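Dumping the structure here so I can ask a few things about it.
The chains carry the letters A, B, C and D, assigned in the order they are written, with residues numbered from 1 in each.
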Amino acid sequence: MRIGFVGLGNMGAAMAANLLAAGHELTVYNRSPDKVGPLTARGAIAAASPAQACDADVVVTMLADDTATEAVTFGESGIIESLRHGAIHVSCSTISVALSQRLADAHTAAGQVFVAAPVFGRPEAATAAKLFVVAAGPAPAMEALAPLFDAVGQRTFVVSDRARIAHLVKLSGNFLIASVIESLGEAMALVGKAGVDKLEFLDLLTSTLFDAPAYRTYGGLLAREEFEPAGFAARLGLKDVRLLLAAAEDLQVPLPVAGLVRDRYLTLLAGGGGELDWSAMGALAAWEAGGPKPGG
Amino acid sequence: MRIGFVGLGNMGAAMAANLLAAGHELTVYNRSPDKVGPLTARGAIAAASPAQACDADVVVTMLADDTATEAVTFGESGIIESLRHGAIHVSCSTISVALSQRLADAHTAAGQVFVAAPVFGRPEAATAAKLFVVAAGPAPAMEALAPLFDAVGQRTFVVSDRARIAHLVKLSGNFLIASVIESLGEAMALVGKAGVDKLEFLDLLTSTLFDAPAYRTYGGLLAREEFEPAGFAARLGLKDVRLLLAAAEDLQVPLPVAGLVRDRYLTLLAGGGGELDWSAMGALAAWEAGGPKPGG
Amino acid sequence: MRIGFVGLGNMGAAMAANLLAAGHELTVYNRSPDKVGPLTARGAIAAASPAQACDADVVVTMLADDTATEAVTFGESGIIESLRHGAIHVSCSTISVALSQRLADAHTAAGQVFVAAPVFGRPEAATAAKLFVVAAGPAPAMEALAPLFDAVGQRTFVVSDRARIAHLVKLSGNFLIASVIESLGEAMALVGKAGVDKLEFLDLLTSTLFDAPAYRTYGGLLAREEFEPAGFAARLGLKDVRLLLAAAEDLQVPLPVAGLVRDRYLTLLAGGGGELDWSAMGALAAWEAGGPKPGG
Amino acid sequence: MRIGFVGLGNMGAAMAANLLAAGHELTVYNRSPDKVGPLTARGAIAAASPAQACDADVVVTMLADDTATEAVTFGESGIIESLRHGAIHVSCSTISVALSQRLADAHTAAGQVFVAAPVFGRPEAATAAKLFVVAAGPAPAMEALAPLFDAVGQRTFVVSDRARIAHLVKLSGNFLIASVIESLGEAMALVGKAGVDKLEFLDLLTSTLFDAPAYRTYGGLLAREEFEPAGFAARLGLKDVRLLLAAAEDLQVPLPVAGLVRDRYLTLLAGGGGELDWSAMGALAAWEAGGPKPGG
């Protein structure tokens, strides 16, 4: 498959490398060109603009947020203007449900196909091609993209033929992780203040009812207070819960735990912790109980 | 070991049967005597009172709540008065941290030993001797009780030499389950209102970051809205979060998710749902979003 | 003063009438022209477009929300394009803090003056010229506008020379009203369920520590469950708390009660109550406690 | 009237002095006898025990909490044992609804009358005989006690013939004050971070919709960060919200703002602020937004 790839951050660069390794023909673009070298060294072609990356069957975007995604998609020389009829735009970023719908509408109007395929997994998982891909879009595109998804992930979940649903599901998954961080943080604040070792407590949990990656990963970071360097920064955690709350407001669904998590992230950012790992949010419970402020 | 067993509800009867099967000499007592038959048929001796069950090395109590536990322990012909010097009282019930401490103090004063050993697991797990035992108490007693714990559970976690810590850990575990119920309930309310199948959503979760019994069990009940018969009733869920909040107040630890869960259970009970499975609490998020009331 | 007035809803029409009564020369515009008649009958000139209303010293906008305000301000034939150099745009609508800042910047760039002057008071107060005006903007404009504010209100509070601060203060005031609605709703749910008459309870409160219009007005509506017709609709209450939360997020200030109020409004809207008076939100506490759904 | 008075703290001493001033015959008791002198100097008789204070038509208790009230009421030489047939026990303390009911039952069983008469007002109001009395109990007792209530307060509200209702109403009133503290604290954190002067903001509020003592008093303390000495300590604020939540749980009424306030007080106490004025709780919102810790 001829694939254009726009956005070579930690996650994007690893995914692009795996696409190359799987034998796809890859043209890559990144705003800061220094990220491009390692990939061209392995056979990728460097594009001078997002538009150049669109000379492909599929263009993948993996960008920080809505603003960055909008910037390369809409407007002059944007992806919509540049992509040929029938080609596919796959957005792997975690963007808002509203933008996902706008992209679907705009691509459809331009005779193109939009597919949402956000992923679960931290940078290590991206490198190991062990991501989970949550995909949604028209069925024929889903079929065509299967090899692409297989090259970056360990499993693909097709959740709908409406692209925006994949973003809703992805945001819901991130919310569930944040809920784990918060509830573990509360429980650890409590047992910790009573003198229980947090790692032993976590071992008990993950040996029994909570034997899942989310508990092992985030519980471990919390118990060891290991918040730097961030695998996923707190300010991005805030962004995701904001996007979730916006989608929930459109659907008129109150989400009290999400509201609480949002407040927690604001507290963390107000205290200067925006660049800590988002698991640091869970340490605020112990801070309120008289303990030290996470990261500070 | 000569064991007295007081309290033959769903959980207690199954545990007592496993103690018998493991070759222990068992004397059993239950307030309503009809529960005793199946056990005497398998070799247990029926006690006419809790006091009679105390003619043993160890007496185990597995009762509904603080009140029931206090009733058989303190006062005339109670366990403290009846147990011989050096014998052990093992409380497997989920009781308050404060009562746990009172029991430890009272038994110590009477020259006896108190051990807290609450368990994780629903009645099926009790029957299969697959419980997880969270134990705390003096080290020699822990060693002596190992065969007893092995007979009822798949693994024992010794969390402290202070008995009350086992109850704090157990309540914290139940709180984490309730957090799972609440956050899954919120996420399902959201994606469900957007048209996503709840069981498919759950499959995605439990195939990825949330591959744990708590998510499979409670997520399944929630997705299928299978709240009757209750494995663990909502009113008991409320009781446990109340005990957790009381312990947290003593330790001066604010627990906002626990506070939310408490409000949810009150809502469920006010609507007549006290006898539904405690997972029904998670369905309140969808109710607030315009859906049907759980159980009603 | 020659004043253009754009937006003749319940509030705007009453304010415009008071400006006329105070002797100002008034040109009025409304999207649906049927609202214009009663004012031209009293001497106002009808404008065919917002642009025509800009032939004035001051143009006042009193519109439903951000979208409506943006629509008449920016773009071709918008207020910014149409207003003459040095003239003043006074926005009396409750709009977002971010839009308030955008308007200030755009008017400044166009050599014009932007003033924020949101008001407290329900339609009855607008009719009686008893509004409270919360004003912010450059000092000379404040001075020039004093007679205008006096014509519509009983008192003007100049809170800053930065326009957006007036909107922040106004949103904070609305939040405090919503907090009164919620907390009164909770207290009434409690004492009501215990058999206390809600109006007698309210009388006790307003005779003692809570002797304030907010308690009398909203407490009365709540106690009498008098939610129709709406003085201020629940969906607008949701809009205002959303704007507050957005402003608070920009300033990194967590506001847990505001988050709760937002969830309450979503619940009310999800149940079909968006057109009820916003005080109906307070009745959700009794609904959760087993009572009837407000408006349903 | 011959009145016994038990409990001469800040509030009790002032109330007793006003009863004396109104011409009642007063016998006073306090655990630490140094509080008795000023009153005997003005004509009161000193009692050596609560039992001695019961040689009266009415005995008033004004004690710190449930424990103190139980200690003087039940048991040997307690008020119930000591009071003569037909005499009245008036509890002016803020105690739990459950204890209020127990007292009513016990006095009835002893042929005596129990009346609940908690009061609103800080020590200054007690001194000035400007308290508000919230009274409940059998109608004849209410009539008989009118002069007593008039001597200590500016107005009496008879809310029920069931004593416990007065305590429920009193706790609800304290909850509403705490809600004012929390919501004002949030609003001030927000506008304060935007550069608005908190006292000017409060002036705007109390000049308009929030022109009530609760806003003036607590808003002033908050705006001036004047938390010492405490008029009413934070730990007592926590006690009262705990009693409210317990009563609400019995009635199955979820109260989310009360739950939040409880968490806030726990945070304040965990940080060492238990002896600050309870209005300090409102400063936690600014603390979370990056500001200083109240009292620290």
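Here is the rule we go by: contacts are C-beta pairs under 8 Å (C-beta built on N, C-alpha and C of every residue); 3 or more make two chains touch, one makes a residue touch a chain.
Model, not experiment: these values are computed from the prediction.
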| item | value |
| --- | --- |
| Chain located farthest away, centre of subunit C as origin (C-alpha) | B |
| Pair exhibiting more inter-chain C-beta contacts, A-D or A-B | A-B |
| Interchain centroid distance [CA atoms averaged], subunit A/subunit C, Å | 39 |
| Separation of subunit A from subunit D, taking each centre as the mean of its C-alpha atoms, in whole Å | 52 |
| Averaged-CA centre spacing for the pair subunit B and subunit A, given as whole angstrom | 38 |
| Sites on subunit C at which at least two other chains make contact | 248, 252-256, 260, 263, 266-267, 270, 288-290 |
| Contact graph of the chains (line, ring, star, complete, other) | complete |
| Contacting residues of subunit D [partner subunit A, same complex] | 263, 266-267, 270-272, 288-290 |
| Touching residues (chain side subunit A, partner subunit B) in the complex | 120, 132, 134, 155, 157, 159-160, 165, 168-169, 172-173, 175-177, 179-180, 182-184, 186-187, 189-191, 193-196, 200-201, 204-205, 207-215, 244, 247-248, 251-258, 260, 285, 288-290 |
| In the complex, subunit D residues that touch subunit B | 242, 248-249, 252-256, 259-260, 262-264, 266-267, 269-270 |
